[in-house]
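In what follows, chain A forms one complex with chain B and a second complex with chain C.
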Partner chain A sequence: MEKKEIILKNKLSEIRRISEIIEKFCENNNLPMRILFDVNLSLDELLTNIIHYGFGDEKEHTIIVKLSLSENILEITIEDDGKAFNPLNAKPPNLDQSIEDKPIGGLGIYLVKNLMTEINYKRLKSKNILVLTKIVTNNLKE
Partner chain B sequence: MEIKQQKRDNVSILELIGRLDANTAGQLEKTLIPMIESGEKSIILDFSNLEYISSAGLRILLLAAKMQKKSQGKIILCAMKDFIKEIFEIAGFTPIFTICDSIELALKECE
Partner chain C sequence: MKLKFECNKGIQIVHISGKLDSFNSQEIADKLNSQIDKGFFNLILDLSKVDYLSSMGIRVLLTLKKRVYRLNGDVKLSCVQPYPLNILKISGFLDIFSIYDTINDAEKSFATTEQIEMEDPKNIETCNTRIGVFKFLKRNNNPSKIKITGSNIDFLYARCSEESIVSENLSNMKYSLGIGGLGEKIEDYFNCIGELMTIAGTVVWVPTDGHNIPDFLIPMNENEEIKIHTVFNIALDNTFDEIVRFEADNQKDGVTIDAIYDELFSISRKRIPDFKGLLGLVMRADVGAIFGAGIKRAPIQNNTPENKQMITHRENIKEWLNFQVELEHKNTTALIVGVGLDYPSKFDPSQIQAIFNTDLATKGSKLFHNHAAIFKFLPEIKTSYQLENEINNVFKNGDFISMQHLLDRSTFKKGIIGLNYVQEII
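And now, the complex of A and B:
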């Protein structure tokens, strides 16, 4: 099993840094480009939300991202000590709306839900713990 | 992200190179929105060298598409990589843009 833990500060510039770490992780484990893209986009959307809206103060906070790869299951855990927020409760967009009625925004979490195989959320000891699971299928490995 | 701008057959083409995300969406907004405001009816966005898009990028594109719809103009996207096309499909954006496989086909849409 391959494991990695990344400690981030609540700054948007950290998202670029983690994307480079993910790129290396995928490269070292021969994961396909497609997985790299899906994981980076999901982390980008979720971390942007946490950094923008998660903390009600101006203080420095730590966000921990853990990666683990076992066989064909990639698991990504995001832990933050911000306000309780379960992204699974976010209202999905109405995709049938006409261009005039479509609201600007609100797509980030919906993209994550579609790109990941499974998402689990729990609130534990004043922390948000979000576990994303992505199955690396043979089809994607080709 | 780098934005290369050119005109062909009187149609503006913006080539987006790199990543369209929260860090770079503002850059596209500053280029694209004034073009729409100045009344350009057809604008082609060349995605052939776009490597990444997030919801922050989709946001600007939707804003631009709404403005063009009001002024009866068009935004044509072309040469999208497969994984970017899939993001458009998930987001329900494919019906609201004209999407072409190449710049040549996009230019035909403007004739």
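And now, the complex of A and C:
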């Protein structure tokens, strides 16, 4: 069992920092590039959302990201003390529209849902807790 | 994140290296927008060094595409790497962006007539005729086919039954003309089957329900399989042997469709060694005027004429067919799908019968069968050989007027033609 906890501030530049940490984590645990990309993209989408819309003030906040890997299950937990927001309730984008009508909202979360094996959300003690699960395979099509 | 700009023949090529993520997206958006401000509306983004794309990156690409689209330009992507490609696919953006394997392919897709002709005049062959100029751009060398389904006999005697219906995936019938209908259940369309055509994958159908109002069906996404149901149908290949630009000498009235076919026949006999006398044609044309006809009733068993003669028999024709008495739809735009048979041809009389149901062909007559969708006049986007682009633009921006079986006296001033030298009827 491999574990890691990362504490981030609510600044966009922190996404860069965590992506480098994830890269090391994946390298140390011999995880395929594909997993690294999927995890980084998911964190990019979710953290961008939290940092942009999660906090109704200008204050500094802390976002905690925990990684754990056991066997072939990678679990990522994101905790923030922002407004209650369950991304699983976000409306899926309509993928069939023509270019002029194509909206962009909801796309990030739609991608995360597609890239991760499972997503769970709970609100606990004024915190949003989002748990992403990814089964690690070497299958490129997965 | 680095952006390198290179301008080639009015097209701005942008080499991007780095991540297209939320961190970088604003900077990239600003830099790309400044190119549009400078007047570059045609851009190619070289993504060979971009291995990461997030929804913010997609947002940048989409906003850019929307902006240049309104300025009649386009953004094309080249060398998209596997991971970003997969993200575009998952998010449903694959068919929104034009994606090319190489920068060169992307550049070619922008090329206008003049550019193609200047770049490689060897590719273009010009033929001056007594009615106007034809310019041929070679495309592929696969032998072309025409696929016939159903029976024109049952149709012409109005004795089609539910068993006569052949259902086929639209993707196999990108360009076709026939008699049929659209709908999930047979009872939805069987009693009002009528003239139907498919053009670049869009279906136009005029139900014979007395309203004479066409139905349109534009598939929004290529994964969706749509069935079309016909009792008789002629399908051309999805690709063309050559793309031809035609311009009539008489720009006031244009020239008749049979004269255009006639010239194409005699040019084909000179240029194409294995020409068998049968042409498949798709044309986006500036119309002089239209002479049309249409079927009024569904050619089904319930409606079989009492005299058991064909619906074109003199006693039946009035009841069955709408004939235009005068030239109509002057100076409009038309999308045409058709076939033309020269005399003599190398096909069996029985095969010819299956298309035209007449023995006139063996008696020295040339035969034509064309359907046209007619729109209010819409100029071409640019003078090019990009037939499918132009057709899609007509569907997107044109005001539809009607769909008809074309009579040979209809006239046209100019057009882009997709031509198939048919080698086989199946």
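Rule of thumb we're sticking to: the second predicted complex is superposed on the first by the 136 of 142 C-alpha atoms of A that agree within 3 Å, B and C clash if a C-alpha of one lies under 4 Å from a C-alpha of the other, contacts with A are read in each partner's own complex, and residues count from 1 in each chain.
FYI, a residue touches a chain if its C-beta (ideal position, glycine included) is under 8 Å from a C-beta of that chain, and two chains touch if they have at least 3 such contacts.
What you are looking at is a predicted structure, and each value in this text was computed from that prediction instead of being measured.
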Touched partner set for A:48, first chain B, second chain C, both or neither
both
In the superposed arrangement, does A:111 touch chain B (first), chain C (second), both or neither?
both
Figure out whether A:40 sits in contact with chain B (first) or chain C (second), or with both, or with neither.
both
For A:6 in the superposed arrangement: first (chain B), second (chain C), both or neither?
neither
Which of the two partners, first being chain B and second being chain C, lies in contact with A:21: first, second, both, or neither?
neither
The shared contact residues of chain A with chain B and chain C are 12, 15-16, 34, 37, 40-41, 44-45, 48, 93, 95-96, 99-100, 102, 104, 107-108, 110-111, 114-115
Given the complex with chain A, which residues does chain C contribute to the contact?
21-23, 51-52, 54-56, 58-59, 62, 65-66, 69, 83, 87, 90-93, 96, 220-221
In the complex of these two chains, what residues of chain A are touching chain B?
12, 15-16, 33-34, 37-38, 40-41, 44-45, 48, 93, 95-96, 99-100, 102, 104-105, 107-108, 110-111, 114-115
Looking at the complex, which residues from chain B come into contact with chain A?
21-23, 52, 54-56, 58-59, 62-63, 65-66, 69, 83, 87, 90-92, 96
Note which residues of chain A are touching chain C in the complex, please.
12-13, 15-16, 34, 37, 40-41, 44-45, 48, 93, 95-100, 102, 104, 107-108, 110-111, 114-115
